[in-house]
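For reference, chains read A, B, C and D in written order, and residue numbers begin at 1 within each chain.
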Amino acid sequence: MPVMTAEMLEAFNREQFPQIDHMGLKVDHVDDTSIRVSMSVQDMHLRPGGTVSGPTMMQLADAAMYLLLLAQIGPVALAVTTNLNINFLRKPEPGGMYAEGRLLKLGKTLAIGEFSLYSEGLEDPVAHVTTTYSIPPKRDGQTGV
Amino acid sequence: MPVMTAEMLEAFNREQFPQIDHMGLKVDHVDDTSIRVSMSVQDMHLRPGGTVSGPTMMQLADAAMYLLLLAQIGPVALAVTTNLNINFLRKPEPGGMYAEGRLLKLGKTLAIGEFSLYSEGLEDPVAHVTTTYSIPPKRDGQTGV
Amino acid sequence: MPVMTAEMLEAFNREQFPQIDHMGLKVDHVDDTSIRVSMSVQDMHLRPGGTVSGPTMMQLADAAMYLLLLAQIGPVALAVTTNLNINFLRKPEPGGMYAEGRLLKLGKTLAIGEFSLYSEGLEDPVAHVTTTYSIPPKRDGQTGV
Amino acid sequence: MPVMTAEMLEAFNREQFPQIDHMGLKVDHVDDTSIRVSMSVQDMHLRPGGTVSGPTMMQLADAAMYLLLLAQIGPVALAVTTNLNINFLRKPEPGGMYAEGRLLKLGKTLAIGEFSLYSEGLEDPVAHVTTTYSIPPKRDGQTGV
């Protein structure tokens, strides 16, 4: 069982990251190893031709991994992205998007996840992301983080 | 339906790539979008501590993607790897390994695939790979490359 | 000699991508193989602790590669990112940032570039990016795609 | 000043990794932040058309990063690759190859490096690699690794 629920994750995200309120992130599902996060696409996320921008997709995947990780280790630790690799597969539609992903590894110092990004109305994924977070050691003298 | 069967892929591989006979690659399964390829691990593939070397795992994933692509487009085209990204997740056991993967995209000029690598006897994957192949244009004047 | 100057690139960018006017991108230098692009960091680009967000850095690198590519092939072709890999190295300062990069390859269908991202006042790079763009075939019947 | 010289690195490599003696790795240069490692290409490293195989290039880059890291932290620590991203740029010649690279970051738990791979006789690089090593904590109670 994750230590943070979808509601807790959304509340934490709103409070800590007001700069990305424009994404309207919603945690549709979260469990011990996987998550689904959806966003509402605004004009500011679009590019010529009405397609969603690449950086918007990277941000969605990065946020989804962060929330998936926090769901497991709680809101205390200050985890940071160390690597993100994205392959763009197809042009997204201008409508909503969501990311579905899972933990490939949750280690003491590194967490690695894999995500597929979908555009509402398209069956095939529009992008695929693998990303690594560094998990800092606990600060209160506890071992084994 | 793929245009090459598992048997055709193995025969083509043996003939074209005698340098990797040492891997004993077997195509356990192949269909329109996915493949499973197993290898037999030899001493030459190991590193101190009895673990399978990283380059061996990269080679397994690269070969699996190549075979998955050939199964779709046939043995004629000279496809080449343009990008490979691998995350190492856990130490493999010294026994056999296999790669399971799928096409994320099969376009006219690029094919992108995703693979999980498994060590016999371990439930969780030991590595995860995404890789891109460039598909050369057809040579006989046909369009639609 | 590039076919577009720094001024042409900035004007093209402002016209085509009004959604990223907030970055205030400036082409400090461009030549046949390399570019330097700076941005002004706004509050919207920051995260808790005053650091520049990861997606902001990805966007800077992606834009720099796009401009470097356009400088070589001109504003006509509709090039799109197919892969981006970023390693985050250090926490940026909240001040300005710039990207310095170069073409590793400019082929007929693929262009690959490498970029280091710098935070004003820090000597070492804060992130490193490699990225691939797909260059679409020419549309007017010309060969040499 | 690195804590291991080119000679020490070559001796350590020969002793610990006899499985890659076939590469004939030589440390042409090493300093605090950069390294150059050359290999002699054998028939077993080639593919149809006389080109050096992709996995051989990945192995060269991986070994070069490992040696560059050991040169800084010494032969004790058991560092392991966690991520490797390679872009293939051009077909290598069948002759010798070398890797030139540098540390982008040498942290307490992660080291990140960037490498260009060259084929003897070609001016432009044939491949580009970024890779991350995980550095395990010291075991003797020392802090600050």
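Methods note: a residue touches a chain if its C-beta (ideal position, glycine included) is under 8 Å from a C-beta of that chain, and two chains touch if they have at least 3 such contacts.
Predicted, not measured: the structure shown is a model, and the values here were computed from it.
Visitor: Pick out whichever of the two, A-B or A-C, is joined by more C-beta pairs in contact.
Guide: It is A-C, judged by the count of C-beta pairs in contact.
Visitor: What chain is the most remote from chain A, judged by the mean position of CA atoms in each chain?
Guide: Relative to chain A, the chain with the farthest C-alpha centre is D.
Visitor: Distance from the CA centroid of chain A to that of chain B, rounded to the nearest Å?
Guide: 28
Visitor: Just give me the whole-number Å value for how far the CA centre of chain A lies from that of chain C.
Guide: So the centroids are 24 Å from each other.
Visitor: Among the residues of chain D, which are close enough to touch at least two other chains?
Guide: 82-83, 85, 87, 132 - these are the residues of chain D that touch more than one other chain.
Visitor: Show me the residue ranges of chain D that touch chain B in the complex, using the header's touch definition.
Guide: Where chain D meets chain B, its residues are 16-17, 19, 43-48, 53-56, 58-59, 62, 80-88.
Visitor: Across the complex, what residues on chain C touch chain D?
Guide: These residues of chain C touch chain D: 85, 87, 89-90, 104-105, 112, 114, 124-125, 128, 130, 132.
Visitor: In the complex of these two chains, what residues of chain B are touching chain C?
Guide: Residue positions touching the partner: 82-83, 85, 109-110, 132, 134.
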